[in-house]
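Shared between the two complexes below is chain A, which has chain B as its partner in the first and chain C in the second.
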Partner chain A sequence: MIAFIIRRLLQTVIVLFMVTLIVFSILQVLPGDPARTLLGPEASPEQVEQIRDELGLNRPLPVQYITWVEHAVQGDLGKSIAIKEDVTGIIGEHLPKTLYISILSMVLAIVIGVPAGIIAAIRRGGKIDSLISVVSNFGMAVPAFWLAVLCVYFFSLKLGWFPVQGYTSPFKDFWLSTQQVIMPVICLAFAALASFARQTRSAMLEVIMQDFTRTARSKGLKEGTIIIKHTLKNAIIPVITLVGLQVRNIVGSTIFVEQVFNIPGMGRLVVQSIFNQDFVVVQGCVLVIAIIVAFTNLLIDISYGFADPRIRIK
Partner chain B sequence: MSHLLEVKNLQTQFTVDRNVVKAVDGVSYYVDEGEIVAVVGESGSGKSVTQYSGIQLIPTPPGKIAGGEVLFNGKNLLQISGEELRQVRGGEIGVVFQEPMTSLNPVLTIGYQIIETIILHLKMNKKDARKHAIELLKSVGIPDAEERIDYYPHQFSGGMRQRVCIAMAMACKPKILIADEATTALDVTTQAQILEMLKDIVKETKTSIVLVTHNLGIVARYADRIYVMYAGEIVESGTTKEIFSSPKHPYTISLLNAIPRLDDPKGRQLIPIDGIPPSLINKQDICAFLPRCPHRTAACSFKPAPKLETVSGSHYSACHEDITTEAIKEVAAARATSEDSSADAFNDNQSDNENLLEVKNLKMYFPVTKGILKRKVADVKAVDDVSFSIKKGETLGLVGESGCGKTTIIRSILRMYEPTAGDVIFDGQNIAKMPKHKLRPIRRNISLVFQDPFSSLDPRQTAGSIVGEPLIIHKLTKTKAEYEKRVNELFELVGLNPEWKNRVPHEFSGGQRQRIGIARALASNPSFIVCDEAISALDVSIQAQIINLLEDLQKKLGLTYLFVAHDLSVVRHISDRVVVMYLGKIIEVADWKSLYENPLHPYTKGLLAAVPIPDPFVEENREHVMLEGEIPSVMNRPKGCAFFNRCPMATKECSEAEPPLVETEEGHSVACIKVGKEVRV
Partner chain C sequence: MTTEIIASEKVVEQKVKKTSNKKRFLRVFLARKTVVASLAIIFIMIICAIFAPLIAPFDPYKQDYTQILADPSLAHPLGTDLIGRDVLSRIIYGSQAALLVGMVSVAIASVIGIILGLFSGYAGGLIDAVIMRAMDALMAIPPIILAVVFVAAFGGGLKNVIITLGLSLVPTYARLMRGQVLAIRESDYIVAQELMGSTNIRNMIKHVLPNCLSPLIVLITLNFGVAILAEAGLSFLGLGIVPPKAAWGSMINDGYKYLLSNPILSFAPGMAVVLVVVAFNIVGDALRDALDPRLKGSL
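Take a look at the complex of A and B:
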């Protein structure tokens, strides 16, 4: 198991190295000169050239890359071109907001999606099963941003239940924060929730068909015990895989959802920075998001070992 | 007199695509305390469903118990509440299932799974339950039970898992233990160990055992009474001796004629049961065995399905005709001669033929990797220095228990693996190291018939294109018409109707699919066919058809077979010479006669002793020498003789050096220092 974890860690390091390479090269091929952006259209070519020198843009690419990685490892992601602040500081300000709504969404998706899948599997072919199927198909088909717009229209504008937009830290004003956060969290969670319900349902159904479920039944165990102790423990393994995929989806969807609800998180930061051609910030954001996704997947792989003794004990 | 379990007129149905399948159709039987009752039948005969109906383990829907009574200790199990039923399940009736590999929950320790049952039914606290579980594990022969109780199922071998399953089923001292094909998936020596253990359990605890199986040998050796099932009905019942000495129902008679026995005269023609078991959809009220019955009369087709009637004492049979011993012999004789492959035709004439295949010092090692960098730390010697040869027109049987390297040998010969070392000389050419493009034209001379007729055919390809594919690959036919002609020819050769060319595999029965597999193997007109457990997935009544087909084809086309199997009776029937393997090495080679009549290696002796003979009278007088233990993992092969730790003859010197394979008599070689000496003195 330890060898497995170490090997997996090494793989993660390699993944991160590739991510830095890709992030770095994408920005090289994007149109627009950061120095020109910084100075505005009035500046003379000499001035631009001078700034390029200062920013290190005239050095060979490998040197630029190594310098960037060196600084990044030390926590210095450079200075924003547009706002002239430390990128690390900017991200530090935006990231917690995104993390807060993302984690809430993930928890909501699991807490509702998994039990819904279990119930659907137990009541296979029944009315509850059909209802859950319809809702989860809907959830997987509807894009998060459209759902967000609909939510705003009905619950905020028509019914006035929730504020239209904005974000307040839960430590500052918990009640207001919660009201503001409910709709974005639901919009983010919906697709993931649907996937969880479907995956859990099919995994449960497969495990219920297995010989060992019949063995459990032949021992005279109650249905409830069989579901919880025997079936669920096996069915949860593919669901764990799904958590990894959904982390990526939720993080990706924050870009739209934060835009609609005007939440100053990472998603909005990325969008704004792209419009501002603020490549240093974009670089930093993509790197941070990639690291988060890579590490959650690492955690998920390790958690297989805990869920499945066949991986843990060879 | 009231019985422990009495089933009356049980009817269980399944609804499949709006059709009603009468899986169990009016079955009545009983089980008394402390007896072993066997329910015999082929797959689909309803034998398992009958057992599961009583404790309601059949999935509903699509299943439904449509009628009847299951009286257990006077209570009708079909009418009691769910709570009461759960107490019977596991508490009073335990079940051991067929597949030990999938019947235990992989994510829970075996201890948890046993203790759970004990706490539920015996109301013990956790500590006592654990103690009880350890005792149970010890009683079923799990070594180091104190430690291994916390192991997960995947840490045990198949045989050990089945022991765990038995411990679990026996945990609450049930009155009845249902063993549903409980030893079918196990190796023959393990099977014998498990069955002996079950027999001891009956003696000690007075638990009754219901042995559900298709293996008539097991039945003859262990059962007190037998119920023979066919198409959801019991067609014959009686004591074991009654059934085997004077079988009355044509199905039972045919079944006994169709299976090869370890004590058969060589060259005995197996008499297959024609046709296939009937579909149980919309069953008519007519004798279900009628279309396959060799004793049928015109009157049978007009009478309703026959009911069980007394033959004598406790012997019942459901047949309109009173079939006498003479009639049986007549029919058998007529059929045997009509198929014309008499014993004397059996080939003794190819002893001076040249070798078609010669395997010399073949080694196939697989690397074992360890640690973060997957460094190679050792080799798994799956096949270690194996040499043998096959003469033209001969059938060489290759036997051994799972894990002995049979499959690896085949794959190395066919170059599905790249052999680590050694030569494979086929028809004068060494193909072991031949480059792939040179090997390709030779491949058409070697074919393979696979074990599982269900997964070895592409479900989306038509039967015709499956059979014809080798013709296209090897460019053997020039025109479309020639291709079609050859495919038709192949279909006829294996006894299939060429009109079925456009059907897909699932429209065929298991036996027919295996025929398609054989036709595919024959397509390129090969001289050598490797049969990898080619009949072991088939039903007993179908096995004989395929064995006969293989034998006929050999005679017609002069084929050479390498017949790999674990069923020693079948290998004896079909082989000219036999190779016995143990842990990657050959331990004995001989012609079939000397091997079966005068086995030298203690392992061969143990294997043969473990095979039950379908005859209770023979079994009664047979000494049951049990091989102890299990085949060790190839990873930690014992020093010296690999069989050392299980061998009844072993002494210290056996563990010192690996015994070489020495020829003790002409054509009979054995790898055992004890035996070699004895013979030479």
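Take a look at the complex of A and C:
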């Protein structure tokens, strides 16, 4: 098991190294000269040149890359061009909001999606199954931002249940924060919830068809025991895999949901920084997001090894 | 209750064996009404995209300042937008961008992904490790964020959106193909081929590819929906199709400002996205069921 964890850890480090390469090379192509953006249109070419020197932009690319990684490892992601603050600080301010709504969405998606899938599999072909299948088909096709627009229209503008937009820290005003967070969380969770329901259903069906389920049934075990102890335990592995994929999708969708609900999180930061041509911030954000996704996947793979002995031996 | 289902499936299984493969495929594929309806939606979308100038009641770019933010009427079934353009016509024209992005980006992704996956699976060793870790790295960045950054780097517009989405969809194909190659190359008939002296490249193309076809077809169909959703997302953020060209995503965003007075401006294009994506997803699932030999054609 330890060998398995170490191997996966090494793999994650290599993946992150590749991520830094990808992020660094994409951002070399971003339009706009950071020195020019920093100084404004009136600066003379000499001034621009001087700032370029100070920022290290005139050094060869490999040197720039190594310096960037060196600083990044120490937690220094550079200075923002537009806001002139430390990127690490800016991200530290925005990240908790995104994490808060993302984690809530993930929990919501699992708590509703997995049981829904189990029920659909048990009642296969019945009315509940078809209802769940319609909802999950819809859920996987509806763009998060459009769902957000619909929610704003019906629940805020028409019914007045929730505020249209905004974000408050749950530590400052828990009641207001919860009201503001409900719609974004539902919008983020919906697609993931649909995937969980579908994946659980098909995994359960696959296991239900297998011999050991029949054996359990012929032994005269109760239906509930069979589902929980025999079927679910085997069906849960593909569902765990899905968590990794959905982390990616939920974090990705924050880019839209934060935009519609005006939540100052990572997603909005990325979009704003792109419009501000603030490439240092974009670079930092993408790196931090990739690290979070990579490490969640690492954790999932390890838990996967615990759940299924076959995996850690391979 | 479940035993009954299993029993009835056995009966279906026996019946199916007697009919030919092609017939069985069609029977399972078209068994559900939702699949037929989905095919119809996709067909209508393709017709709309190709014959947009003939179908659309108005010019999608024509601004009519006497008809600003008009409510739905007989002349404008879905009303008009903030500069008096007909919403229905713009939705019909929007299908062009969606269809083009879906088709071309999935084509790019599948071709590059298939080549990388075949190569990686067959070569093994260091090449395999490098390619797959690079794919892992691409997969560690959420596709939509990757796409946003790509578009920011290379600029928006139809061409770049297509390339961007094509590239961000590559890893799924590479992984799928590699897995399939690894599974198939162990099989006796490939080993036999190698013993008979056929070269690696010929082996890959001639024997491995046809065997991976079913999961590929399913993935390609499902990815149409993914690409259309992503295009709508990019356009919604203002990083996709450049206005005034009609795109569903940017129409949703434009309409958002008038949500209270004219909700249909946002609702209608969103509905178009949902319908088309649902249709591709349902067809993809039906293909999976029909092509899966283990299900033997039963639903």
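Details
Please note the rule applied: the second predicted complex is superposed on the first by the 311 of 314 C-alpha atoms of A that agree within 3 Å, B and C clash if a C-alpha of one lies under 4 Å from a C-alpha of the other, contacts with A are read in each partner's own complex, and residues count from 1 in each chain.
As a working rule, a contact is a pair of C-beta atoms (placed from the backbone, for glycine too) under 8 Å apart; a residue touches a chain by one contact, two chains touch by 3 or more.
Owing to the predicted nature of the structure, the values given are computational and were not obtained by experimental measurement.
Look at A:G160: by the touch rule set out above, it reaches neither chain B nor chain C. Judged by the touch definition given at the top, the superposed model places A:G40 against neither chain B nor chain C.
Look at A:G75: by the touch rule set out above, it reaches neither chain B nor chain C.
Between chain B and chain C, more residues of chain A are touched by C.
Within the superposed three-chain model, A:V149 lies in touch with chain C and out of touch with chain B [touch as defined at top]. Of the two partner chains, neither chain B nor chain C is touched by A:G224. Once the two complexes are laid over each other on the shared chain, residue contacts for A:P60 go to neither chain B nor chain C. By the touch criterion defined above, A:V286 lies against chain C but remains apart from chain B after alignment on the C-alpha atoms of chain A.
When the two complexes are overlaid on their common chain A, residue A:M140 makes contact with chain C while staying clear of chain B. Counting contacts as defined above, chain A residues 217 meet chain B in one complex and chain C in the other.
Remark: chain C residues 2-3, 5-6, 133-134, 136-146, 148-150, 152-155, 225, 229, 232-233, 236-237, 239, 249, 252-253, 255-256, 259-260, 263, 266-267, 270, 273-274, 277-278, 281-282 touch chain A in the complex. Listing the residues of chain A that touch chain C in their complex gives 11, 14-16, 18-19, 21-23, 26-27, 29-31, 122, 124-125, 137-138, 140-143, 145-146, 149-150, 152-153, 157, 208-209, 217, 248-249, 251-253, 255-256, 259-260, 270-271, 274, 282, 286, 289-290, 293-294, 297.
By the touch criterion stated above, chain B contacts chain A in their complex at residues 55, 57, 85-91, 94-95, 97, 99, 102-109, 116-117, 120-121, 152, 154-155, 165, 168-169, 370-372.
Interface residues of chain A facing chain B in the complex, by the touch rule stated above, are 3, 6-7, 10, 210-212, 214-222, 229-230, 233-234, 307-310, 313.
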